[in-house]
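Chain naming follows the written order as A, B and C, and within any one chain the residues start at number 1.
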């Protein structure tokens, strides 16, 4: 309940908790005593916070001497003395120094040891720190917790990102007691199951958007390529040909060519692995064979690809909407008008141009609208509210509709110029023509795949049927029902 | 913890789990043995996944013969043999074939039976499959789980939509053990209480946006009606009258008339049931009588109505912002300027037109801004963060402010033309005039309802007072306090 | 599982639950008997709902006489008689009338008392109602629950905001039983730990956006100040000087000056407390001293400040994009063109103006894009998905990049006019010049703070090092690791 605890007063370093909350009299019933091994910064921060919540704290240390750094109210003892005073011992010591715990095996027997350590690198050790600890002190109940919390968040309790405390352990009673402490401290415990989860929990705080790396680099490459492509066609060519300096186009015109291309290409790349997977399954005649690694990885980051594409589409919309505000556009419009007015000529109105212009814009708007809908549906809290059937409907049906609309938007944008030789510059077609290759390919293959004859085979394969196998399962067993069956989006 | 498990390697069909994770040595402590009745696709997928998480799997089958389809590492026995090897038995068999379980009553006594079945239609059977199972095997502990998960999601673990596993059952210990398995598989168990919830859990994956149907059809009808209305006024009339072909207006101009009308009407329809309910309560003099079914249903889908309205408003904003980019608009502007320049005349600047134009636009922007705020507040994760008082403040106060601003936006848009006979075409008023009927009605009734004398009576009724009843509750009992009291929005 | 329960039929006041759900036969197993003390509106609403879910209800009352108001199926007894019929007693009585419970101490021994009361003011009593109840009836197990639920929500079950039931209590078994009831009623119980949390739970429904107050008032003051500033410069001055009536500027032009200023200033104020905190820590040479209260409070509402700033930025974008649609703008453009066409003169194209105009717009778009990204990341469901390192990356790195882009946008907007004496009006500089003061200050200080020499000291301080203390912690103890260490954003 993050919103409740936000209003808990931040920690009073120089005061005891009873001073800080003089009004809480009935509630000041003493909580249990907790022992902390290690007097480093994180151990002290944890002690501060726990003292504030009415826990009694004893520190265990190699040199049990009072220090001004220790929070007021905590006591300090030798390791074994401290351990005897509490059932729960928090190990605020680096993994490399866990060895001393081996000598305490006897006194730690049956106690709850809370491993709060982190590593410096992902998968630094073959086994997680918590599992290593369980190995060192076999008689104790090991619980992994608190490693995703920062000391500062403990003290201030402000940032939503730091509220969640992942907890795992093999002894459910021990885990429950640690989760109670987490909750009392105003944090949100999340039960992650057995100690097997410790490795993931230890890797978790070290990650920096791992699923976003591939989409990020891919879109960076796309942008750089199309940037140079457009610079050659739109800036260098006019300069070479007619010595015109139109470098100011770098600020808006060129980006507004790159962004829609990147958006459309990435959107198509969201749906490409799905059709590749379908082709593979048709070719192999079974779904019980693993896809190649690159395809698996690609399919895993489709959501991220889609969101990056949405970002580019959003930028494209903004860049397009500011067009009439730009000095260059206003200047051009004014001067053309003056020239015509001076010459007393008027353009004739072309209904077909009006149709092309309006439907190109309308297709773009509708495509963007559906794209935003897809983006909203991929918000975790929204996608948790929809069931599998609804999710597939949105992500697959609406997704393909978005792709169709955006492709049509680009095709109509080309309009009469599309593929006309006159628009070649130095044998280079317009950038948007290149951008259409992948989306059109995806749409054509998808269209073939949903032809009834092919779709029927594919559905059977996905329900567990295999081309080269005699049927063993008699009808009574649960197949992929129509609900369970997903079309791999 | 969906973000952690996303990085679990996808299942290796041809490998055993120890090959897949060679580094996990400490954590490979064997989990318990689980029995699966049925070797269909879903049972096999579940077995694959559980083997990967170090469970031992025994299949129970009518024909217990080894099959190449079965995952490596699983054993297969007859039903009763398999059941004896495990406390937990997953029933991966269609409901129509549950009968054979009756004969196993003795061996299943005290065991945990996990019902994972789904139906083909909502409310297909009078009682849920899980309750039917409980009826067949009275001595077993029935737990409903896994039915919302797709086999594909089990294998890849990618899609957020499929992470949640609803679990229900009457025996809390049995439920807890199944939830532990769910968690170990990297999924998120959600405790739904007793087996009474099974029916809902079984219906859940079959639904396709049930709350969105009414808003969807209503807005479709609105759009179609106003489409033909606008086509008659804006395209057929000019064609009949002056033979002008302006069909290109179908792409942008006509939608941009329909969308704001749909948005405003739907927004008003969000607040209409609230005022109808208030009138009903005032008329009846009590809140302890049920509203008619249509009103109940209407009130239940107000959020969806509002979000559809927001969608239309968003489209209206985009369609409006592209106006200056349109070929038709640019052509008209240029030609008028040339005509005037040739004639050497200039329009006089009209301050009142400037006021009308600017305030109409400003009201629209502010209305849209508040509308977006309302939309954000209705995101599940945001609405979970606000309390009842805050939610009412946003949805009721800000909601009515939005309605007022959008209605005013439309009124000022009409400006001097509003209700002028000159704007009638074939006796048809402009579409926006029709669009104003419902919003203005709602606002006028709401204004009457908040007059002090009426509001006081309404508040008393909502606090439990009844006009035709002698007071029984003496003051000491909890009424609707000011916090609990909601104004039905 | 809010989406499941939404489809539960709303309560049938005149029917028993078996009529309402004739199809549920297997599931109608009787739930336990629950006693409710008090026959006020909330007690009755709760009883209706619980009867619907197959609980048996007995009311306890001072005057145990049948009333037509009581829901059909409930019985009514004297307090002590009613209490004997159930383990769980819900106290639907105002706190001021709790005294009568003292006389029932004997019969309430070992029972579960559920305190559902609310207060009229935040912190109305020194201790929470639930703790007061625990004090009055020492032998009973007190559980706090249901106080955040409205009676209306209980009956209709529609609104997400009212689904969450915060539960706390010292006896975990008693708490579990109450949470089971909550779940059976279709609501979501959230365990808040021990009875110490009751005070917060009771304050919770009384709050009205407490964290938003400071940002709201601050932005109101900013807006009012800059409104008068701009009115003086842009409306009064032209009127005094040249008798021009340009009051129509109040609708769009003036707001579109105020909103970007408010957005930029508030965004800078999000990052100002961080640099102040860093300076304080450098000056004091320790992190173990509390920041002044005002700084603490400021840091706690940075998220809200940022979101208000985003709101202003969003309005600024909309107000800017409608510029070409405005009558005033179109009129000016047309008349200038006509004037020039009549005079047969043309402006020369200025490449530097094109550069300035385009890059000013491009910087604004990119800044707004990042700003929206920051806003999306602060959605609770998104920020729960990112770890501490990722959150810091987004909020700190991307946040400062946003600030830099928006500041640059404003600087380039000024362009050649920036700080030129000609733009002074009555000695007042343009409003945007004033708006640049805080952002530039923050950026300069931040730039100094990340110089290697200063950054190194700051990092050591934040890892627990103190300038005026002898080192006590030897290396083995957990310091703020690189992951835990946050830069206070």
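Here is the rule we go by: a contact is a pair of C-beta atoms (placed from the backbone, for glycine too) under 8 Å apart; a residue touches a chain by one contact, two chains touch by 3 or more.
Bear in mind that the values here come from a model prediction, so they are computed numbers and not experimental data.
Its C-alpha atoms fitted onto chain B, chain A is found rotated by 120°, rounded in steps of 5.
Shared residue numbers account for under half of those found at the interface formed by chain A and chain C, and the copies are therefore classed as meeting with different residues. Rounded to whole angstrom, the centroid-to-centroid distance between chain A and chain C, based on C-alpha atoms, equals 23 Å. Residue positions 2-3, 204, 321, 324, 337-338, 341, 379-382, 384-387 of chain C each touch two or more of the other chains. Those residues of chain C that touch chain B in the shared complex are 1-8, 10-14, 23-27, 29, 38-44, 53-54, 62-63, 65, 67-69, 92-94, 96-97, 116-118, 120, 148-153, 156, 158-164, 180, 183-184, 204-209, 245, 247-249, 251-252, 255, 311, 314-315, 318-319, 321-322, 324-328, 330-331, 334-335, 337-339, 341-342, 379-382, 384-387.
On chain B, the positions that touch chain C within their shared complex are 2-3, 123, 126-128, 131-132, 134-135, 166, 172, 190-201, 203-204, 210-211, 288-290, 296, 299-300, 317, 320-321, 323-324, 333, 336-338, 340-341, 344, 346-347, 349, 351, 353-359, 361-362, 365-366, 368-369, 372-373, 378-391, 393, 462-464, 466, 469, 472-486, 488.
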